[in-house]
Amino acid sequence: MTSSLPPFLVFFVGALLAAVTRGTVRKVLLVLVPVAGALNVWGVEEGYAWQLEFLGYVLEPVRADRLSLLFGYLFHLAAFIAVVYSLHLKKAENATVQHVAALVYAGSALGAVFAGDFISLFVFWELLAVSSAFLIWSRRGPGSARAGMRYLVVQVVSGVALLAGALMRVHETGTLSFGFVGLDGLSGWLIFLAIGVKAAFPLLHSWLIDAYPEGTPTGTVFLSAFTTKVAVYALARGFPETEILVYAGAAMACFPIFYAVIENDLRRTLAYSMINQIGFMVCGIGVGSALAINGAVAHAFNDVLFKGLLFMSMGAVMHMTGKTKASDLGGLYKTMPFTAVLCMIGAASISAVPLFNGFVSKSMIMSALIDGGYMWIWPVMLFASAGVVEHAGIKIPFFAFFAQDSGIRTREPPRNMLAAMTVAAIACVAIGVRPGLLYGLLPYAVDYHPYDASHVLTQIQLLAFAIGAIVVFQLLKIYPAEIRAVNLDADWFYRRAGARLVRRTGDAVAQAGVALRSAAAGVARPMYEGAFRAHGPHGPLARSWPAGSMVLWVAIMLAAFLLFQFL
Amino acid sequence: MNEKRSPDSLQPPEAGRPPAQHGPNSVPPRWSKRILLGFLGLCVAAVVAGFLADIHGEHPWEEVPLFHALYGFLGISGLILVSKALRRLVMRPEDYYDDE
Amino acid sequence: MTQHLPVLQVVIPLVLAPLCVLVRHPRAAWALAALGSLCAFGIALDIVSTVLASGPLSYDVGDWAPPWGIEYRIDAVNAWILVIVSLVSTAVVFFARASVEREVEASRVALFYAAYLLCLSGLLGIAATGDVFNVFVFLEISSLSAYALIALGQDRRALAAAFRYLIMGSVGATFIVIGIGLMYATTGTLNMADLADRLPGVWHVRTIKVAYGFLAVGCFLKLALFPLHLWLPNAYTFAPSAVTAFMAATATKVAVYMLLRFFFTIFGAAFSFDVMNLDMVLMPLAVAAIFSMSFVAILQTNVKRLLAYSSVAQIGYMILGISFASVTGLTAAVLHLFNHALMKGALFMALGCVAYRIGSVHIDAMAGLGKRMPATMAAFVVGGLSLVGVPLTVGFVSKWYLILAALERGWWPLAVIVLITSVMALAYVWRVIEAAYFREFPGDRETREAPAALLVPTWALVVLNVYFGIDATRTVGVAERAAEILMGAAP
Amino acid sequence: MTPAAMLVLALLVPVVGTVFVLLLRSRPNAREAASLVSATLLFLIVCGIYRTVSSGAPGGEAVVLAEPIPGITLSLAAEPLGVVFALVASFLWIVTTLYAIGYMRGHGERNQTRFYVFFAYAIASAIGVAFAGNLFTLFVFYEVLSLTTFPLVAHAGSEAAKRAGRIYLGVLFSTSIVFQLLAIAWTYSVAGTLDFRPGGILEGRWTNTAAVPLLLALFVFGIGKAAVMPFHRWLPAAMVAPTPVSALLHAVAVVKAGVFAVLKITVYVFGLDFVRATNASVWLMWAAAATILLASFVALRKDNLKARLAYSTVGQLSYIVLGAMLANSWGIVGGGMHIVMHAFGKITLFFCAGAIMVAAHKTKVSQLNGLGRAMPVTFFAFVLGALCIAGLPPAGGSWSKWFLGLGALEADQAGLLVVLMLSSLMSLAYLMEVPLKGFFGAASTAQPPTQVREAPVCSLVAIVATAVACVALFVYPEPVYRLMAAVVGQ
């Protein structure tokens, strides 16, 4: 299939055009880009590769196999939904910057999943970072500016780690090809670290918590779709069956749910939820069996849909009310019923309610855990999936749309937002009802049937009683209240400790410079002054001497010379 | 930013008060009661169905009767309690980072 | 006729000098002086080409064969000095016509040129002669006329300066004659070649060592080696511009030549360095001169005085080159004799142009001159850069050899010192450049470019500065030849 | 035209151009046209030289202009590394002239004729440095470059400008005279020649190689224009100059002449094998690395935009020095490519800083809030420039960093890789703050940015041109790479 364009190119060209067009033309163009891209990538066959010679290397900017193609389809779908969702943007919302950045961002994500070598991967990896930062900055607040900057720096840390790892790898092995990497050697660990940052591994995760809630309502939808999924893809490609991933994934699935319970900002709650979901994927990749990998990528696919849907619904709330905090919201179902329903579809999906798409992929991972013999991880993940119900399944829709009436009366969001959410919701349900749609695309042949009675029933029991616990706690009024506060997380290390360290080091360097200069001056000045006393206009060496003393000097000189010779 | 930009007049009247526990009072009590009852029914149905159907566990713990129901209930209870405790450790005023 | 050239060169100015007094007319006197200089220059060029082509010349005055008669013996070393002196003299004399008219009373102009010719004659004589007593005679001729020239300066302080110069010069000359006397007493000859033959036999005699000491100190005084330079700054500062240019470019150079002649040809490098440890004396003094005087120069505000101190420092470079006691070191020293004459001649003449127009050479008075007197200041800039040792000027060539000589001996700290003092030279030159180009002209005075009569000779030297900086093959060739002769490596 | 004639012509064109600039001084438009024409001509000539060199024709015969000292000639020769530098300098001269027209007029600067004249002289000297056939010639043009840029640095004529000018000349001349000239003389006394030769001229001529590190250090520090700490003060001081000067000279011609000289000396005087065999450069790598980090820290704390860019330049120059000191093919390739990449990135940044000064009269980063919406082109160009400096796609800086990283690994100095990566991060942090404030910062109430327009169109064209070049160099860095690969003989 040589007639295909590189998938990223469609988006980059689209971005260029979006920068120079306005109004309806641009809207049409924006919608056409993912559609055209999808048609293009649909024509790409497995095994297709585009190679070129560059700087003495043979690069492979496009290499298609089942894994990358799956992510390729997914990203087109995600881009389509998110683009439609953001069609309403106006000039005051930095529409041009947002549209252009979003298309570049989506294109870079496509580039990354089709990249066949480390140089190409690095390029798209960094482009992802740079373009996405604009989606945060575009919100134009002091908070978002700083958060965006922190985000960018962390992302670039990931980028330079990848670069360093790639450099070492090419230096050690002479090959640039991006395939299985594994954890042997420093280069492997560096690449692992790079992907880990983007995948929000525990302690490397806080950029996500910090930055996503600061993005624009529309921008965060893009953000939620691409960066972490590229990381999941890269893990699946480079580190399948790496045991440490199982534990990392378990940790990722568990710790955020505690934070999610007490987080007031609903978009931040979703960000925690996101880490929790990625935890499932990472865990699956760590298990590494065909079933597990299938489950992980299927879950990534589904996560893009339902997490996108949830972010979209919260974005709609934010767009209409300007608020995202649980303590500020409530009772919106009265004026935003459609949004509320769509949000609940998303909540059901993420909670893995049967007939919704979360169920069909998450259960694959759970089964794979047992098949893989991770008997102690399975209950942990089970706990985590129950926890999802708590914060994403109940908390999000409940506090935004029901709960205590905040008194806010608003309208449904713009039609394009509703349309986008509807598309996502339909996809969630469609996959939930007909899992074969998704299974057919997975990298390995699927022989898995989620819908057997035992499975469905246990899942319903788990969910129902988990919700029951919440209900009980609510009724007993010991459920933790929504409080306006921030919760310390790993970002403290760079927002507080790191920032102080950099500031102080900078000042220390500057002061050291000054001190050094003044020390040098302290040494030089007395020397200069001494020399000046002797050599200055009135110093003995520059004065006009009377003839007598000159003659005396001559005599001394002669005496000295003779003495010197005779001694 | 948006929070800051919006004038105080848009804040709900409750916002000024110290954070109180939310009551689900945006839904009329009649409806909330019905919903709760419906939910209770679902729980019971799930338990009953669980006994009726042939539940073949993959994990040894699944041999325990009503394992999933218990695990869900206890897990979430624990989750909520631990989170409450976590608050003591990590909660800071909203403007904690504003002096950067 | 051509075999008489060595003596004619000295005699022509000597004869023309009284004529100047007789004609009394300023222009006529100038014409005579110009004639004398041109003749000397022409002869010098002829001599140097002869010497380079066919070896040393010897001329017996009055056909009295040496060692009884006076011999003029010219090899590459003093041929070179003759060229330097007569070249500078020619440039200065053309410069002097306008400059002296401005700075010296009309009634004294003829006397000025008489003294000038005498001085020239004396300097040429020192260089040309092969007889040590004759050296003393010419030294006195040149010195006495120099005192007179300096005393002609406008400023009343010129008299005092000339007086002090007279005392110091006389002390120096006396030391030299004492030294000569002691040598004569020991060896019974005054002919240089003869002395060179006989001295190795009497090395152990104390008298010779004493003679050496007197000669050394006398030469140091005449060449203004630190710390015996104290007469120089005032003499240069207060003398008429033309005189300063002439003296700075020639008098000290000839004194250096005397030193070379006495210590290398007559006593021999082996005696000077192995027995008398001359290098141990010269090197510290040279370093002190370079450093200390460069520093003094940086802090001067009178540019003429600034350059005077710079001259003392530059003499330090030559002495440093000598102290290396190697062919390369001597090459550097001999090169610098010539190169420094070119640069200092050009600089002092440029200052003469400034003095001609604005009457002052104070650094503040020169503010903004870059626009008012562009040609003059451009000349100053090129001369200054040459002084610093910027590549493609003559200054670089001599410094290059000096550094090579230092490295060759492994004395790299001396190379560093040469370089550091170059930066110091840049500092004092730059002060003038900055004042001239980057400060506003005071503006209340109507100031024009200096007349062509001054500019042409100035630029002639400037061009030479650059020419011999771009193509130093010839100068280096001569200097190497001279160095080899002095070290005894070549006849 | 023979290659030799082209070399001489390249040197002459800017100089002859100044004659026309002077003649046309009363007619600004014609005067600027003269500048532009000579710039374009020069670029075409250099392109011609590039074609000869890249076609592999033996252009190695040096043109001897003079022989000041027997055995030491003033000569020109074209080799790939010099072509890289000359191409950059000559191309950016065109762009900068265009920019300067807008800037100098927009800013109402005085003495514009003098400005263009000395600008041309500076370019001529840079070309001389690029095509220097031996160390002596390099030194000569290096010094001429210092000298001809002084009037540009002190252009404003104020006390502050003159003081800065004194620091500028003081540091550059002191280091070059005391260290560099000493090193040259030393080299001559050891090798007996000063010619640049592939493989170097020093190998096999030392009885005791313990002094080689010292000689190399004398060169590295003696080339003050490379601004390795502690001899970097002149560079921030020179920022008093008008922005086009800062842009071309202190981002491209002057500073690059320095690092270019370091590269050239490492390759053609020492020879890479010799440097490696004597371990001469190991501590210098770390001196360069320290400069990279320290300069970045200082830049982080500078509020004045041009000062920030100046310190950024200090750090970036040490990338190239580092590349040279790595003394392997990759390091040299990376260093050479970084000459180009940094040139385009930094000139874009300076252009933007100047545009902001002209259009909005702002000099401090903290004053830029909201300006980006009034000057979107300028600030977007700044983003691209910043990416280029930080070494991020889609800007050319990525590739030079790649090769420098490989070089560091090749030299078994993984620690340097860390330095390079840290520096990337820091440069990103201190540079991105500018567009961030510009685009997304809240506008100050004192001067609504709505009154601000983009800089004059001439300047804007220049800004766009260099910014686009940053991206173009990302997509198509092959010519630069090939030239540099030829330098190291691959």
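When the chains are written out, they are named A, B, C and D in that same order, and each has its own residue count from 1.
Methods note: a contact is a pair of C-beta atoms (placed from the backbone, for glycine too) under 8 Å apart; a residue touches a chain by one contact, two chains touch by 3 or more.
Since this is a predicted model, take the numbers as computed values, not measurements.
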(message) Just to be sure I understand: the centre of a chain is the mean of its C-alpha atoms, right? Then which chain's centre is nearest the mean of all of them?
(response) D
(request) Could you please state the distance in Å, as a whole number, between where the Cα atoms of subunit B are centred and where those of subunit C are centred? (result) 102
(request) Provide the C-alpha centroid distance between subunit C and subunit D, rounded to the nearest whole angstrom. (result) 44
(request) Averaged over CA atoms, how far is the centre of subunit A from the centre of subunit B? Could you give it in whole Å? (result) 27
(message) Based only on mean CA positions, could you tell me how far subunit A sits from subunit C in angstrom?
(response) 79
(message) For subunit B, give me the residues that contact two or more of the other chains.
(response) none
(request) Please give all chain pairs that are in touch with each other. (result) A-B, A-C, A-D, C-D
(request) Mind listing the subunit C positions that touch subunit A in their complex? (result) 163-164, 167-168, 171-172, 175, 206, 209-210, 212-214, 216-217, 220-221, 227-228, 230-231, 233-234, 276-277, 280-281, 292-293, 295-296, 299-301, 309
(message) Under the stated contact criterion, what part of subunit A meets subunit C in this complex?
(response) 531-532, 534-537, 539, 541-542, 544-547, 550-551, 553-554, 557-558, 561-562, 564-566
(message) Using the touch definition from the top, list the residues of subunit A that touch subunit B in their complex.
(response) 139-144, 146, 257-259, 261-262, 318, 322-323, 325-328, 330-331, 333-334, 367, 370, 375, 378-379, 382-383, 386-387, 389-390, 398-399, 402-408, 453-454, 457-474, 477-489, 495-496, 499
(message) Going by the contact rule set out above, which residues of subunit D touch subunit C in the complex?
(response) 66-70, 72, 74, 136, 139-140, 143, 151, 154, 157, 162, 165-166, 169-170, 173-174, 177-178, 181-182, 185-186, 188-189
(message) Quick check on the complex: what are the subunit C residues that touch subunit D?
(response) 389-392, 396-397, 400, 403-404, 407-408, 412, 415-416, 419-420, 422-423, 426-427, 430, 434, 437-438, 469-473, 476-477
